[in-house]
Every structure is written in structure tokens, then in C-alpha cells.
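Just below sit the structures, each encoded as C-alpha cells.
The two complexes that follow have subunit A in common; it is paired with subunit B in the first and with subunit C in the second.
Then we have the complex of A and B:
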């Protein structure tokens, strides 16, 4: 019940958006079954939204600690390149995935140590890897698009399981696992407390340093999964373009999810809805068939509307207005 | 020993081509960097072409910075090279350094990109005509469908970039007057595989599962490669159900053509140095002034042009 109240604004925004897109593309909600798989624009949203949804899971926790991770796009490029290189040098599927995940964890560890141990501001600390990471990825791929033809790896990007695309399962399972881990234990509460006041939490006995590092490592792992999905999808590691600017979409998803950039309370489900809202806008624009010059303007306008409607100040003004209209007659009676 | 081999190679080439050869000339080459596979291939081919002609190439990688290029050109002038090749990273700010080269009587040839300086400051510019590339692609489609109805979807390059604008214009020029061919959807795929695939998926959704699409025109091969995967995953046969024509001629599109999944590509040749060295050889021999713009050939490759062979020839060029 409380969860439903928490995510109500995101659900309403998503529903309104779907209605809007359906005006321009009537078949948006249509889902067909073709060869054992579901086909339709909604399924595309669930599949194409995978990278941002995965990034948003890690980003939500980082932001809850009052941090930010700008490097996730670059980590995607590194991990995609590492996976493609391992696969094409004949390492086999499972080792290749482990290499990619290890690369993501190491990248997250680097961020976490810079933030929690060295004490660099998260914005600057992760900016370093954002700048450097793409160069690292280019060194791995030697500047070319590293292609491979391993069907098992490609399945992770474009395969189907029980009717749904595999990337969709990957983000659902990741979000569920992380969500359960933070909400069925005290972990979520500890993360929130570090975000609200790190020193007070440390004095109260929370190992804030370890927790911060762990959160950035998790963000790196989520970025690794996103990089694996994107690389598998196009059957090639494109170091120049993989995950480019996706860190901004991930932060936007967290913000649309109603999480404060000042840290503290967070909701992973709401962030995921934010990611789906962003992807619905993207897919909707493509289906509606507007000239491409309008893409970014339409996206920005819709995001602005959603954020304005969610703004606490607007909500407070609205409540005040409503209260004043309700209270006035009663007061008149009293006098 | 090395010089002897070079001289012999040069002599052999001179006999075979009958042209005036520049033996042991020194040419400085200021390259932008290696930001794309195409540019890496251009560097490789420039080295190859120089070696074949017995030209000694001084190579300088500017790593995307104009000040590095200017410094490299000044050092070429100080060394007294016989000519300078310049792939300019930006269009403006070259006047003074080109002036210095002119005063030292060293001819400068621009590769691939143009500059905003007066055209008497350089010998010639070698490059491709982007509008013409689009026209070649469009003409192929006009000939291929031969009057039948054809609904085309277009994957544009990065919105506002000159290759995207020019390749779009060229294609539209070619299909003008052929009312059977119509561009029904056009969206940007940012020149990348991932975007090409995502946008193609939406085209397929919007056009009756792809049944209503007759052809795809992609502004570069990478987007076409992404789109081919989307078409396959939608259960259609790329190259048969949907014709595919794109531009650049990178190795991977030849692989797709060899598999029958792509139909045609227009080459943006990375061999800009060949025509440049030809112009320089004529200039050195008897002072012949070339045209101010040497347009490279925008060659069309189809499935009939030995795609597997073309792939093998290109795969080691650094693409």
C-alpha cells in the first residue's frame, strides 16, 4: 500500500504518456505473438529500456548516499569491450561474462575508493573515470568495432525467454534481487542513513566507508550488465558509442522516480518506472514519425512537464489552494 | 640496403606505369588522429601508397589538435620536405602556416577535408563529394526496382552533420522524378550500430511488421549492419524482403553482402593519398598545376562485385 502511494506519480505519468503516444501511434499497446515471442511497441520499450533500467538500479543507491556516478556510460563501454575481446579470443561464454563483471567491479571499486577513502567529491571522482574510461575501452578494441559471432552471447542481447526478450529478464531480475537485498535487510536503511548524515551514521556504528565502496561497486556491476546487454545486442563492442550519455539518462530516471539528489530515502521501483518513462518517450518519438530534428526538443519538453508536475513545491501550492477552498466555508460558519 | 630496395621498387613501378616517378622525395603527412576506423585505414593506405612510389613519408599524428598540426607543418618546413599532406582537423586558422609553406615553396595538398583559406595557398584538395555519394546510392535503387512501387525508410546520420545533410540531399536528388520511389520514414540513427538497430525496430513496428517496407537507405554501413540484425529478428530476410543500400564500404558490410543480407554500398575511399601523390608527381616533373579539387571516385559495390574478396582486402587496413 505504501509502495503504491510512493510510486503513484510515476505510474500516472507513465499512463498519461502511453495515452499521449497512442494518440500519435494508435497501435502502441498492441501485442502480437509471433514464433513463441511477444512482439509490439510495449515489448520494445521493455527491451530497449534495459540499459538505462540496469544503470538506474545502481544509480539509485549511489544517489541515496548523496553521491553520483557519472562514469557508468564509460564502464559500459569498458565491460562490453572486455566481454567481446574475451569471446573473440575463444575464452567461452561464462569466463567472458565473468571478465566483464570483474571489469565493472574494479571500475566501481576505483570510484568507491576515490569517494570513500580519498574523500574526493563523487561528481569529480567519477568524472575522472567517465573521461578516462572510454579511452580504456578504445585501447581494448584498438579503436575498431570488435565483432563476434558467439550465439550464446548474442542471445543475452536479442534472445527470447518465456516470450519476453532476455534483456528484459536481466533488468527485472537485477532490480528484484537488489530491491530484496536492501529492503528485506537493514541495508537500505543504512544506505539512507549514510546519505542523510555520514558522520552521524559512522558515530552510530555504521561502517560508512565500506558501505559507500560497496554501493559504487554495485553501480559498476549494473553498468557491466548494461554493457553486456548492449554489446550482445549489436554483436559488437563499439567503444566510441556504447553507453554514450546514458549516465545522464540514468540520473534522469532516478530523478523522475522522485528520488532526491540530496540523498536519503530512495525507491528502486520508482527509478525503474523513470527509466521506462524515458524509454517510452524515445520509442514513442520514433514511432510517431516526427522529423529527427524534433527528437531532443520533444523529449526535453515531456521530461520538463513530468518533473514540474512532481515538484514538491507545486504539490504544496496545489494542496494549499485546495485547503483554502475547502476551509473557507467552514470558517464562515464559525464567525 | 633499404634505399636500394626502395629505388628498385620505384624503378619497377616507373617501368610498369610509365609515369614520371618521384624517387626518394620526402613528404610530410599531418594526420588528424585515429578517431575512427576509416581514418586508421586512411593512414595505413597513405603509408602503403608512399612506399609503393618510393616516397619517404614523415608521419605526424595530431591527436585531434590543430596546434599539433601547425607545429608539425612548421617542423616539415624546417626540414625542407618536398611536399606536405594535411588532413585538417578544423576549417579555419590555417592562413599563416600555409603562407609559411608557400614562402618556402613547399606544395600543400589537403586530404579528405577542406579549409577556409584562399585556394592559392595550397596546391589542391583531394576529397569525396558527399552529395554525389547519396546520388550513387539513390541511382542504384532507381535501377534496381526498375519502375516498381518502392517505399523506402531512411536511417540518417547525426542530425545536422554535413555527411547526414549531403547524403540525404544526394539520395533525394537521385529519386526525384521517380514517383514509384518514396521515402516514407526518416529518422536519425546517429551513425551507430545500436541506434541503427533500435530505429529500424521502430520502423518495422510502424510499417506493418516490415511488410510495407521495400528498401532501407542508411547514411553509413554501421547503421545498416545494426538494421540488418533488427530485420532478421523480426523474421524477415534482409537483402531480399527489404533491399539495403548504404555508404562507406567498411569491411563488415562486405561480410553482410557475401551472406546476401545487404545489397549495395558506396565507397568513401580511404585512399586519398593515391590521387594526391599523382598530382604531386606531375607537379614535381614539370610544374603541372592540378585542379583545385580532385574528387575521389564514389564506387558502387554490389553482391556481384566479389564481396568476400573485398572483405579480405580491407580487413587488415585498420578499419
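Then we have the complex of A and C:
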């Protein structure tokens, strides 16, 4: 299966969604250049979608191992708080970022050890940190919203590089780096193998334990980046609200990306498209001018439609229908 | 006749699981159903309980033809089943477990006082005066087993199937369950007893039916059989019938691996084992004798409490499978589906998985090389598939087994452990795999093969170690490797263990 046939459903869903939004808000695809930066609703989607896109990268690999990481929203809060505290206590930008990333890695290590070594189910294991993490973040910020005024740090959230917002660059580069790392090495195969059958993989000599830990650490690092972006964007660490419920959007992005929650085959590109679909829905609803109380209901309805249209059963029915009507006698696409 | 089965047939893709089996169960009889793994015992039981739909044959109960579509329907018809793993709800009270689904009601609500009273009355018939208000899980497995029997009998009441009910019980608990079973027989139930403990078969049952490869071999009064003839029927060879093996006497292979005092309490008694270069060592024994445990011990899947493994260069580290692979070991496990294949990955990926794991994640095998390896082994082992990118789960059992073997052969181990490598695969693939083993050992690879088929061991092994009750009890070399000798060693009565 080529990459294009793999991500075709997500591309079609995204295109249809953009068409739908454009009906309500004709200027959705318009992009202007203003002061050396690109502006427009689409650019806004690419920027605001950064946290979920970043989380989706790590979540894809976790889900490929038949796991789940509910703690990423809480890790965002921890890492944002850690970065803000480091910056405001006079640590330089680079050390502050390293502190935040280290916090994310430690959080991921905690999850990974609980799952791979202690043997707790991923749902429960990461639920622990989901609950505890926001508390840790509140302890770091001492219950306040920790603001800062470091221009370098703020640039990570609201700056522009080569016309595009910096958060956009961060998720593009992260996704590309992780994507290349898993597909240009054997990591992708080994992750899929452990996800499908951990026991058989271990018997074949795959170091399943280490691999599982690594995947959760990566998810923690992605969450740290997401936390840094969000904190930098609002120039403050809000332990109560940073990354709140974003773990669910990240899981949704992976699922919209057609990745099975039962583990195995995965596509990071498809998950990223899933994240962009979610953000397009969010931005589109705002631009289309619906009262804000409709947002969640419309979002849920659209997600439901996309998932139903993507389900294998519907695809099979559709193929059957097409064959019986012989609209276009084409070769059936491989599923 | 209470229950009568005529030419029962069940087909699975690629295998005939039941091939025209006849079986009669009389009221007031305990009937043992025996056979090695893959003989068709559980398929037969599942056809009886409605878990499987039969493909041919007839079942009559009390003279009326029946065709249960589900276990619930079978229960209503009068066929109840109790499994080795008690399938009740351990975190609910005993009373609710017994009355679940038909609790006495008052004003539409469950009447818990009457539920308890009826449950207590029911258990008293079995001589059990326990507190039915306590959770089932707080009682011993034996009591849980009796509760499961009581529930099955009260729901069904004609035929009771006991599927390995004593496997997790100790001697005294077995007696307790047996008393209940005998009592039910005297009350006129027809009881099917599945077990691989032959002593219990002799102790408890009135008649025996033995299955092998999906066929009924014999039905006989238990009293007319002795241990030896029972095993002969199960393993499918008579003492007269002699197969000459490849074992060449006198030729001593240079020792390559030496295991001293490997063992673990409750798993396998400590044993010594020497494996020569290019040698095929067979492990014989009945199910549960410790064959698989021996293999798992050698491959680092279970930790030995004591002892040491060494080769010519010194001690070997067998702390886990990865370490064992590092020492040049390979292991094709018995249960292909759960331990062997990675079902939704392709044949190519399954074949290169072990090699890739050993090379490490950072050095991927180039795709062209992967394709070459996969095609190479698909051709060499004659794996029947349209192409190498097909998910391995879609292949037949024999071809899956060949692909798992290919995974190990691609890694070129010096010591390959094969646990039932020919189980559940068709005759053609069977012969190919045995031929392959001979080719490999001719090239200097050593093989440890576990098999329930004695003829297979005689044909392929240079030396056979016989296991009984989790002990290595005999070692046969060269000309001693005959079906007779192996059978006698397996069957020898175990006064010591009694």
C-alpha cells in the first residue's frame, strides 16, 4: 500500500471539510502576506493545531503498541510550568527548554515503566499520571498562573519563521523527524510487531520491554513540546487549563487517522491529518459564526460522520453497492 | 441410550477436526474421553455444547435429535459443562453464582433470602455446608468446582461434561470432587470426563473412548484396559509395530552444549542434558509431563533456580530469550498462534523479524535483502502463498509453521528447539518439516524436538529423553530408540509419586 492510498480517506475528509467550511465562510482558503508573515484561516489552523498534532505523533506510536497515553495533557501542564518557572527564575532559554523536555521524558519513563515492567494496563497506568500530573503542575506554579516576559520563549509560541508560525514549524519538524526515525530504521516494524503480538515478538528476540518504555518516553517528549508551545503562546503557565482534555483530541486524531486501537500498523502522517481535521472543525465552527455553545455538538457530529464513513464495514458496503450498480467498472481498491 | 452421537464431523480450513465420530453415553455412566492434543476432544465437546456447529452427523438426546446452536440452548436441552478454569464469577456470592439468571423474585425484585435458602439447599445435596453469602472466590478451587457442577446439573440435569476438572486440584480435593461425580452418576446422569491423568481415568470411569487425529479409535470398558494399551491407543502405535530410526549406534557426536542441574520447583525437576553437534534429541512424554517446561527452561523463558549451561568456551547466559538467542539458540513454540506468528504482519516481516531484532533497530535490513530472504525461504520451505506481503494470519497452519521455522533458519542458530513442530499441519508439510530437520542437522545444527508422535521421534531423533510427572525419567540412545522402549518408559507405573 502506498502512502497516498493509505492517507486518501483522511485527505478526502479534510478536503470535504474545507469545502463545507468555505460554504459558510467563503474566505477560508484565502492567504495574505502581511509584514513578512502569511495570514489567513488556514495558517491559523496550522498554528493552533500544533499542540494536538505534536501529541498525535507520540500517541500514534503508543497506540501502535496497543497502548494508550491518557497523561499527555497533564504532562503538557507539568512541562509548561517547569519551563515558565525556569525562565522566570532566571535560567536561560535553552536550559529552561531542556528542563521542560527532561520533565516530559521522566513523565514518559514513569508511564513506560508502569506499563512495560510493572505490567499495569496502559489505560490505568497513564490514568495515574493524568490525575497526578496536573497536581504536580499546580505544585510547581504554587497555584498561580506563572507569567513571564522572555521574548525568546514567547517567540516559540507566537513568532514567525520564513512566513510560517513557529509552532507550525515545530510540529512539522517533529513529525518529520519521528516519521523518518521509525521508517528509515527498523523501529516501525518492531513497534508494530510488539503491538500485534508482544509475546511472539519477545520470543523472536525483540526487546519488547525497552521498546515500550521508549515509546512512552517519546510520547512524553512530544507532550513536553506541546506544553512549551502552548505556554509560550499565552506567555504564562496555567496549571489548571494547559492541555486540558487534549489527550482526548490526540487519541481522536490518531483514530481519525485510521490507526487501530488494537495496535499494529500505524501512520504518523495520517494522524497528523487527523489533528488538522480536528483543528479545521474547531476553527471552521468559529469562523462560520455559530454561537459558541454549538461548538462541541457540531464537532462531535462531524467527527462521528468522518469515523462512520471511514469504517471498514461502510467501505465494504460501498464497494458492494458500487459493484452491483456498475457505475464505473474499476478495479477495487486494496483495503 | 441417553446421549448418542453418530458420525459426527467437523471441518476447519485445512483440517478435518472430527471425522465420523460415534459416541454413546448411557444414563448412570462415567465415560472418559481421552486423546492427545489435537485428537478432537475439545472439538467434540464444543459441538455437543453448541459452541461449534457440526458439519455432519447426528446427535440424539433421550431419543430425540438435537442441534444446539449455543451453549445456552445446550444447557436447556440438558447438557451442562464444567471447565478446568471455573467460569463462574468469583467476586459474587456463592448463592448468586448458583442462582444467576433464575433468582426467585418477589414483586419483580430478587428475593435474596429465598435465593440464599435455595442455594443452601442445593449445595446440601452435594454434602457442602458452606456459607453461600460469601464470595465464590474466597473458597478453594475444589469447592468452586463443585459449585460449578451444582449449577450445571441444576440447569441441565441429563448430561454433564467435565473438561479437565481436576487439573488444578490436589489429591484430597480430587477425592472430594470425585465423590460428587460418583453420586451424580448414581442419580442417573450421563457424565463425560475429559482428563489426561490416566490414574484418575482408571479410578473413576466406567468406560473409555479414545480419539486420535479426529477419529474414534476405540470404546472399551475401563476395567478391560490396562495403562499400556490405553497409551498405545492414544499415541497410535502398537508394540509389535516397529519403526527403524535414523539413530546410528556407536557414533558419538561431539558434545556442543552442556546443561547441568537445570530445573525449578513445581515446574520441572532438575535435569542434566548434553547436546552434541548435529544431534537430534527428542523429548517424549504425555501432555503435562514437563516437555514444554523443559524447552522453556532451556530458552530462558523460565528461570532455572540452579544449575548452569555451558559450551566449549564456558558458561552461557540464558537469562531470557534474547540472551538465549545471543547464545545461538532458537525456539519454535508449540502454540503458533499466540507465541509464534505476528498475525497481521506480512510473511516477509515475520520471516525477517528475528534477524532484525538481533541486528538491532538502528540497522534495518535493506528492503531488497528482506525480499530476497523471504522469497528464498518461501521457495526452500515451499510456503504456499500468493505473495510475500500477505498477512501471515491468512496462511494455513502448516504454512505458518514453516514461516516461523524460516524466521529461525534465517538467523542460523546452532541449537534449535522445536515444540510439536508438526502438530495440526497436513501430511505433506509434516514430511517436509521432518526432512528439513535432517538437512539442518547434516549441516551441523543441533535440534531438540518435542513430539507426541512417537514414530516421529523414532524416525528423526538420535537420542530420546522420556519425561513423566515433570521429571526426566529415561534416556534412550542409538539402538535403544525404538517405539517400544519409549512407550514403556512413558507408561511405567509411578509408585514413587503415589
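FYI, the second predicted complex is superposed on the first by the 322 of 335 C-alpha atoms of A that agree within 3 Å, B and C clash if a C-alpha of one lies under 4 Å from a C-alpha of the other, contacts with A are read in each partner's own complex, and residues count from 1 in each chain.
Just so it is clear, a residue touches a chain if its C-beta (ideal position, glycine included) is under 8 Å from a C-beta of that chain, and two chains touch if they have at least 3 such contacts.
On a predicted model such as this, the values are computed, not experimentally measured, just so you know.
Undergrad: Specify the outcome, clash or fit, for subunit B and subunit C once both structures are aligned onto subunit A.
TA: Aligned on subunit A, subunit B and subunit C fit with no clash.
Undergrad: Look at A:132 in the shared chain and tell me whether it touches subunit B only, subunit C only, both, or neither; answer first, second, both or neither.
TA: neither
Undergrad: Which partner does A:265 reach: the first (subunit B), the second (subunit C), both, or neither?
TA: second
Undergrad: With both complexes overlaid on chain A, does A:109 touch subunit B (first), subunit C (second), both or neither?
TA: neither
Undergrad: First (subunit B), second (subunit C), both or neither: which does A:242 touch?
TA: Once the two structures are laid over each other on A, A:242 reaches subunit B alone.
Undergrad: Let me test your reading of the model: by the given contact rule, A:206 touches which partner, first (subunit B), second (subunit C), both or neither?
TA: Only subunit C is touched by A:206; subunit B is not.
Undergrad: Please indicate which partner A:38 is in contact with in the superposed arrangement: first for subunit B, second for subunit C, both, or neither.
TA: neither
Undergrad: Does subunit A have more residues touched by subunit B or by subunit C?
TA: Between subunit B and subunit C, the winner on subunit A residue contacts is B.
Undergrad: For A:192, using the defined touch cut-off, is the partner it touches subunit B, subunit C, both, or neither? Pick first, second, both or neither.
TA: second
Undergrad: Calculate the angle at subunit A, using C-alpha centres, between the directions toward subunit B and subunit C; round to the nearest 10 degrees.
TA: If I round to tens, I get 120 degrees.
Undergrad: Looking at A:287 after the superposition, I want to know if it touches subunit B, subunit C, both of them or none. Which is it: first, second, both, neither?
TA: It touches subunit B, and subunit C stays clear.
Undergrad: Upon superposition of the two complexes, what minimum C-alpha distance (Å) separates subunit B from subunit C?
TA: For subunit B and subunit C in the superposition, the minimum C-alpha gap reads 31 Å.
Undergrad: Return the residues of subunit A at which the contacts from subunit B and from subunit C coincide.
TA: Correct list for subunit A: none, the interfaces share no residue.
Undergrad: Using the touch rule from the top, collect the residues of subunit C that touch subunit A in their complex.
TA: Spelled out, the residues of subunit C in touch with subunit A are 301, 321-322, 325, 331, 333, 338-345, 349, 353-354, 356-365, 407.
Undergrad: Which residues of subunit B touch subunit A once you look at their complex with the stated criterion?
TA: Residues in contact with subunit A: 34-37, 40, 156, 159-160, 185-188, 190, 192-195, 197-199, 201-203, 205-206, 209, 222, 225-226, 229, 233-235, 252, 318-319.
Undergrad: Flag every residue of subunit A that touches subunit C in the complex, lowest number first.
TA: Contact set of subunit A toward subunit C: 184-187, 189-190, 192-193, 196-197, 199-207, 211, 264-265.
Undergrad: How about subunit A: which of its residues touch subunit B in the complex?
TA: 25, 27, 34-35, 39-41, 44, 48, 143-145, 147, 158, 230, 233-236, 238, 240-242, 283, 286-287, 289, 291-293, 295
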